[in-house]
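Chains: A, B, C, D, E and F, in written order; residue numbering restarts at 1 for each.
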Amino acid sequence: MQIATLIEQVSAHNGWNMALAGMTIVFTCLVILALTISRIHKILDLLDNRDQLRLKMREFFVGREKEKQVASLLTPALELEAARYRRLTPFLGETFSLKKLIRFAESRGMTNPPPEKTIRQLMEVGLIKKDMRNRFTWDDSVAK
Amino acid sequence: MQIATLIEQVSAHNGWNMALAGMTIVFTCLVILALTISRIHKILDLLDNRDQLRLKMREFFVGREKEKQVASLLTPALELEAARYRRLTPFLGETFSLKKLIRFAESRGMTNPPPEKTIRQLMEVGLIKKDMRNRFTWDDSVAK
Amino acid sequence: MQIATLIEQVSAHNGWNMALAGMTIVFTCLVILALTISRIHKILDLLDNRDQLRLKMREFFVGREKEKQVASLLTPALELEAARYRRLTPFLGETFSLKKLIRFAESRGMTNPPPEKTIRQLMEVGLIKKDMRNRFTWDDSVAK
Amino acid sequence: MEDLFLQFLSNTGFALVDYRQVIMLCVGTLFIYLGIAKHYEPLLLVPIGFGVLMGNMPVMHGMGLSIYEEGSVLSYLYYGVTKGIYPPLIFMGIGAMTDFSTMLARPSLMLLGAAAQAGIFITFLGALMLGFSPGEAASIGIIGGADGPTAIFLTSKLAPKLIGPIAIAAYSYMALVPVIQPPIMKLFTTKKERLIKMREPRKVSKRERIIFPIIGLILSCLLAPAALPLLGMLFLGNLLKEATVTERLADAARNTVIDTVTILLGVTVGASTQGDIFLTKESIGIFVLGALSFAVATACGLVFAKGMNLFLKEKINPLIGAAGVSAVPDSARVVHTVAQQEDPTNYLLMHAMAPNISGVIGSAIGAGVLWSFLT
Amino acid sequence: MEDLFLQFLSNTGFALVDYRQVIMLCVGTLFIYLGIAKHYEPLLLVPIGFGVLMGNMPVMHGMGLSIYEEGSVLSYLYYGVTKGIYPPLIFMGIGAMTDFSTMLARPSLMLLGAAAQAGIFITFLGALMLGFSPGEAASIGIIGGADGPTAIFLTSKLAPKLIGPIAIAAYSYMALVPVIQPPIMKLFTTKKERLIKMREPRKVSKRERIIFPIIGLILSCLLAPAALPLLGMLFLGNLLKEATVTERLADAARNTVIDTVTILLGVTVGASTQGDIFLTKESIGIFVLGALSFAVATACGLVFAKGMNLFLKEKINPLIGAAGVSAVPDSARVVHTVAQQEDPTNYLLMHAMAPNISGVIGSAIGAGVLWSFLT
Amino acid sequence: MEDLFLQFLSNTGFALVDYRQVIMLCVGTLFIYLGIAKHYEPLLLVPIGFGVLMGNMPVMHGMGLSIYEEGSVLSYLYYGVTKGIYPPLIFMGIGAMTDFSTMLARPSLMLLGAAAQAGIFITFLGALMLGFSPGEAASIGIIGGADGPTAIFLTSKLAPKLIGPIAIAAYSYMALVPVIQPPIMKLFTTKKERLIKMREPRKVSKRERIIFPIIGLILSCLLAPAALPLLGMLFLGNLLKEATVTERLADAARNTVIDTVTILLGVTVGASTQGDIFLTKESIGIFVLGALSFAVATACGLVFAKGMNLFLKEKINPLIGAAGVSAVPDSARVVHTVAQQEDPTNYLLMHAMAPNISGVIGSAIGAGVLWSFLT
C-alpha cells in the first residue's frame, strides 16, 4: 500500500482532525483540573483564616460579655467539681455517655452534690457538650 | 381555590373513604399482630410445661425400669472411669471428637482398660452422646 | 397398567438406549478423568527430575566458571559484611525492602563501608535478589 | 478541525448548562455536605447527593448518558428502582440487622407505630386536594411513613414519574428528623410527661424471636397481601438472623446485599432528579406536603401515646409516640435525646425502638393497602 | 366506604385462602423447623421454607405479587432460576470452597462417584414408565444426583414447569440424607466390611491442585460439552482458590456470591411452589421417584464398591460407595457416622470425600448428557 | 443405541474440535500460567485465561452453551460487558481503593498523565491507515490508555464485535508492563536523569481529599460529558472512601462489587475469544497496533517529562512520565524498579502514582472524547 493511500484513509474519516482535537481536549481537561486542584488547599486555608479572623473579631466585641455570663454560672465550687469530673476522662474516652460518667462518679464516692445535678450544671455552663450521636464531650474552649 | 372545590376533589376520587379505610386497616393489622405476639411466649411456656408434665409422667411409669437397665451396665468401675474421663472436658470443650478424647486419655496414661473399650461402654450406657455433626458430648441426665 | 405397556412407554421414547448410553458416558468420562489425574503427579515428578538432571549437567559444564566469577567478586571482606547483614534477617523478615535494610544497618552503626555500597555489591554478586514485587531476599544458592 | 472543536464545545457542559442544573448541583453538594459534615444519614445522603451531581451534569441527549435514555449505564442500574427490586432487598438487609426483642416484649407499643401512620392518610387527602391524581397522592402521603424503601417501592408502582422528588423528599426529611421532630415533640407534651421513666422490658427468648418473623409474615400478609414484597423480605432477613444456623446468609443480607443496593439505589435516585424534570411546581408541592406529612405523623404518634396513658396503669413516656413514624433508628434516638434534655438519667432509646420498628411494619402495610386500593 | 372494606376484605388472604395453600404453609413451616431445630441443611431449608410461605400467602392475582406474574419482584429474582444462572454461580462458590486433594490422591475412588449416578438413569426409566415426557423424566432422574443446583439447572432447560417440585424433592432428600442412607448402607454391607480401615491418602502438591481444574475442565467438557456451564464454573472457582494469588476473587466466590445467590435461589424456588401448581398427582410421582432415585443411587455406590474390592489388594470400606451420590458433604458425614457406630476409631470422613465430590462431577456430566440427548 | 453413541460422539469435543480452538486453549493456559507462576496481574489473567478455555471448548452450536448464543448462561453474564455496565462498577471499586493524595499534592504531575494519552490518538491514526473503521480505530487506540475497563467500555459502544481481541490485548499488555516498559524507559532517558531524586510531597488534608471527587466530577464532565459513566463512578467510589462516614459503602464497592464483577468480566471476556471469531487478521492487527500504542504512550510520557524539566526549577525524574500510561499500579512500580536499578536509595513509587492515576482520568476523558466524536 502506498503512503499516499494510507494518508488518504485517515483523511477520508476526518482522522487527523479527530486525533489532534482529541489530544488537545484531553490535555486541556487535565490542565484545567490540575490548575483547579492546585487552588483547593489555598482556598481552604483562606476560608479557615477568615473563620479565625471572624472569631477574633467576635471575641473582641462579644467575647467579654459571654465570658462574664459563663463566669457568673461557673462558680469556684463548680469549677472544682468540673476538675474532679474531668479527671475521669481517661477511663471514659474522649466522648462518653452520661450514664457511664454518673456510674464512674458514684463509684468514686463523688455523691455530694449528686452527680446528676453537677452534670446538669456543667452542661448549662457549656463545659460538657452533646454531639449528634447523643454522646458527650468536654468543651475546652469554655474551660479557659 | 375554594374549600368546597378542595373537598370536591377528594370526594371525586373516593379519597375520604380510602383514607379512613386505609387507616383502619393499618390499625387493625397492627392490633391483631400485637395481640398475637403477646400470646407467643405464653403458648411457648404452656408447651414447655406440657413437655415437663409428660416427662414427669413418663418418669413415673417408665423411668425406674430404664434406671435399672442403666444401673446394670453402669458398674462402679465404669463410673470411676467415667469420672476420670469427665475430668478431660476442660481440655476438650463441651463437644469433642472421640479421636481427641482417646489421644488425651492415652497421653494421661489411662490405658487400662484401653480407652476405646471404655468409651464404647460409656456410649452404650448413654453417658456419651453423639450429635448430628458427629461430635460427642456428655449426657448429664444419665449421669445422675 | 400392564408391564408390557410400561416397557412400551420406555421404548417409545428411546429410553433404554438413552439410559444405557448415558450411564456409559458418565462412567467413561470419570474413568478417563481418573486415569489422567493419576498421571499428573508422575508427569510433574518427571518434569522436576528433568530439571534436576539438566541442572546437574549444567553445573558440570558451566557451574565451575560461574563459581569462579562469583568468587572473584565475593571478596572475604564482602563475605564478612554479608554475614553481618545476614544477621539482620530476623528483624526484617524473609523478604524485605532495601530502605529498611539500610535503616537497620545504620542504626546498628554499620556505616563503614556505607550500607548503600555494600548492598549494591551484594546485589551484583547475587547474594541479594529482587522479586517481581520489588522486594528483596537472600539467595542462599550463591552463599555456599 | 474548527468544526470538530465547535462540535465538541457545543457538546461540553458549558454550552449545554441550564440554570436548573446549577441549582441541582448546589442541592447535590448540600446533600453531601449534610451527610459528611453534619452526619445526617450519611449512608443515604452521600450517594444520593453524588447521584444528583451525576444526573445534573449537562450532557447532550441522544448520547446514551442520561438515566432517562435507554441503554445508558445509569438506566440499567435504575431498573432496580423502577421495577421495585431494590427496596425489598434493602428490607431483607434491615430485617437481618433488626432485633425485634423490645417490640416482642411490649407489643402494646406497636399501636404507636400504627397511630403515626395517620400522617400518611391525612397527607394523601391533602395531596388530593391540591389536585394530584390518586396514585400520586398516595405516593406523596407515604413520605410520612418515613421509610425510604417503602416510599420508592409504592411510587414505582403508582406514580413512577415522581420517584425522584418523592425519594428525595422522603430521605431529606428522614435525615432532618433531628431537626424536625424535637419542636413538635415539645409542643405536644408537657415537661412532666417528658420526665416519665419506663420499666425495663422483659427478656425475650430465642424461640419467640424465631417464631415472630413467621407469624408476622402470615398475619400481615393475610391482612394486607400487597405488603408481601416488603414485609416478606423484611421477615426473611430477620428469620435468617434469628435462626443463627443461617448466620452466613444473614451476614450476606446485612452486608453485601444491603450495602451494594444502597449505593446503587442512592446514586440512581439521585441521578433521576434532572433539573428540567425535578424543578417543577409539583416537586414544590411534594416537598411541602412531605413536611406536613412528617409533622402530622409525629403529632399523631405523640397524641396517641397520651391517649394510651389514660387507660394504662403503668404510664408510658408519650415522647416514644414520635418514634412511631419509623426513620429507624434516628427518630428513636431523637426521642432519647429530648428525654435526656429533661432528665439525663432517663434512657428511652430501647423503649422507643418498639414503636420505631412497628412503624416500619405499619407503613409497609399502609403502602400495601394504598397499592391494592389504586390498582 | 363499605364497598372499599368489602373490596379490601375480598382481597385479604382470609377470603382468598385455599386448602392447598394451608397445606403448603405447613410444609414451609416444617422445612424451617427441620432446618433450625434439626440442623438438616439449614442454609437451604430455611430460605426455601420461608419462600414456600411467601409463595403460598393467598394473594389476588393481577396485582403483580405472585412469582408467576410478570413484573412482580419475585418474578425478577426468579429469572436467575428459570434462566439457569444461579446454579452455575453456586457451583463457582462450591468450587472455591472444595479441596479436591483426597480425590487427587486416590483417583480410583472416582469410580464410586460414577457408579452412584446409575440411580439417575434407572429413575429416568421409571419416570418414563409412569408416563412422564422424556424431558420431565430426565429432570426427575437427576434428583438421584443429589445435587440441588444440577437438578434445578437441568429442569430449567428440559421441564421448566417442574422446577418447584423437583427442586423441593432434591433438597428435601438431600436434607434427609442422614435418615435415608443409613438403613440402605446397613442392608447392603456386612459388619465385617463396615469395619475395614483405610490408609491415609498421600499428600497432594499445590501444583497438582492447580493443574486439576484445568485438566478437569478440558477433559470433562470435551467428553460432555453440555456439562460446561456447571463444571466450567466449578473448576473456575476451584482454580481461583488453588492459585492463591487470586485469593480475593475466591473469597468473593465462596462468600459474597454463593451466599447471596443461595438466598435468592432458595426463596424463589420456595415461592414457586404455589399450592395450586405444586399439589398435583405429578408432584407425588416426583417425590416417590425421587426417593427411589436416592435409594438406588446409594445402593449402586455400595454394590460397586463391593465389586471393586474383588479386584483390589488393599480393600476399601464399601460404605464410602454411598457417598458417591454427592449431597456434599452430608453423605460423606453419614458414611463416617455409620462406620463409627461399628468402630469409633475408624475415620472415613476424608476417604468418603473422594467419591462424594466426584459424585458432583458425575451428576453434572449426567445432566449434560441428558440435556444433549433431549435438545 | 449405536445411533445415540454416534450422535453423542459427534457432539463431543473430539469430533468438533477446530485447530483454532487448540491454539486458543494454549493461549488460555498461558494466561493462567503467567498469572499464577509469574504474578503478572493474576486477578485479571487467571479469570480471563480460564474464560478463554471455557469459550474454546468445542461445543455444538444450537445447544445454548456458547457465549454468542442467546439464552446461554455465559451470554447472560456477558450482558454486563456488552452493555458497558461492568466497567463503571469496576471504576467505582478502583475509586474506593485509590488514594489521590500524591496527585493532589503535586497537580503539575497530572500533565504527564495527559501526555501519555497521545499514544491513544497516534494509534487511532495508525488503525485508520490499516483500514479499520473509525469506531474500530478508536477502540484499538484506547488500548494505549492501558486501562482495561475503559477499553472494554469504549469498545462496547463503538465496535462491540472487537470486545474480545481488544480486551485481551489491553489486559495482556497491562500484564506485560514490567516487560514492555523498561527498555523504552532506558532508551528515552539518560542515566543522569534516572538518578534524579524528588522531594517528599506535602501532606494533603482530609477536606481536600473529600472535595476533590466533587470538583473532579464537575470539571471533567463539564469538559468531556461522555466520560461521565466511568469518571462519575470512579469519583463516587473515591468520595465514599474519603468521607469515612460512608466506610461500609466504600467497603462494599472495593470488595464485594469489584471482586464479583472482576470474575464475571474476566471469565466472559475470556470466553468471548472463540477461536473462529478471535483468530483473524484483524486480531493480529489489533495486537500489533496495541503494542505500538503502549510503546508510543510510554515514550510520550517520558519525553514530555523531559520537556517539563526544561521549565522546572526543581527537576522531576523523567521516568515517572512512563507511569502516565495508567496500568495502575504496575507501571508506577516499574518506574520505581528501574529507578532503583540505578540507585537503590531512590524511592519513586509515591511520585509515580500521581501521573499513574491521572493517566486513568486522562484515558477515560480520551475515551469520552472519541465516543462523542463518533456517535
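Following the convention adopted for this analysis, a residue touches a chain if its C-beta (ideal position, glycine included) is under 8 Å from a C-beta of that chain, and two chains touch if they have at least 3 such contacts.
It should be emphasised that the depicted structure is a prediction, and the values quoted were computed from it without experimental measurement.
Under the contact definition, chain B and chain D share the contacting chains E. Chains touching both chain D and chain E: B, F.
Just to note, of C-E and C-F, the chains joined by more C-beta pairs in contact are C-E.
In this assembly, E is the chain whose CA centroid lies farthest from the centroid of chain A. Put simply, the chain farthest from chain D by mean CA position is C. With centres set at the average Cα position, the gap from chain D to chain F is 39 Å. Centre-to-centre, using mean CA coordinates, chain A is 28 Å away from chain D. Taking each chain's centre as the mean of its C-alpha atoms, chain C lies 55 Å from chain D. Residue positions 4, 8, 39, 223-224, 256, 369, 373 of chain D each touch two or more of the other chains. Each of the following residues of chain B touches two or more other chains: 14, 16, 18, 20-21, 25. Pairwise, the chains that make contact are A-D, A-F, B-D, B-E, C-E, C-F, D-E, D-F, E-F. Contacts from chain A toward chain F in the complex involve residues 6-7, 9-10, 13-16, 18-23, 25-38, 40-41, 44. Within the complex, the chain B residues that touch chain E are 14, 16-18, 20-21, 24-25, 98-99, 102, 116, 119-120, 123, 130, 132-134.
Across the complex, chain A is touched by residues 1, 3-5, 8, 38-40, 178, 333, 336-337, 340, 344-345, 347 of chain D. Within the complex formed with chain C, the chain E residues making contact are 103-104, 107-108, 110-111, 113-115, 117-118, 120-122, 124-125, 128-129, 131, 133-134, 137, 204-205, 207-208, 211-212, 215-216, 219-220, 223-224, 358, 361-362, 365-366, 369-370, 373. Across the interface of their complex, chain F is touched by residues 4, 7-8, 11-14, 16-17, 25, 29, 32, 35-36, 39, 42-43, 46-47, 50, 53-54, 57-60, 63-65, 71-74, 76-77, 255-256, 259-260, 262-263, 267 of chain D.
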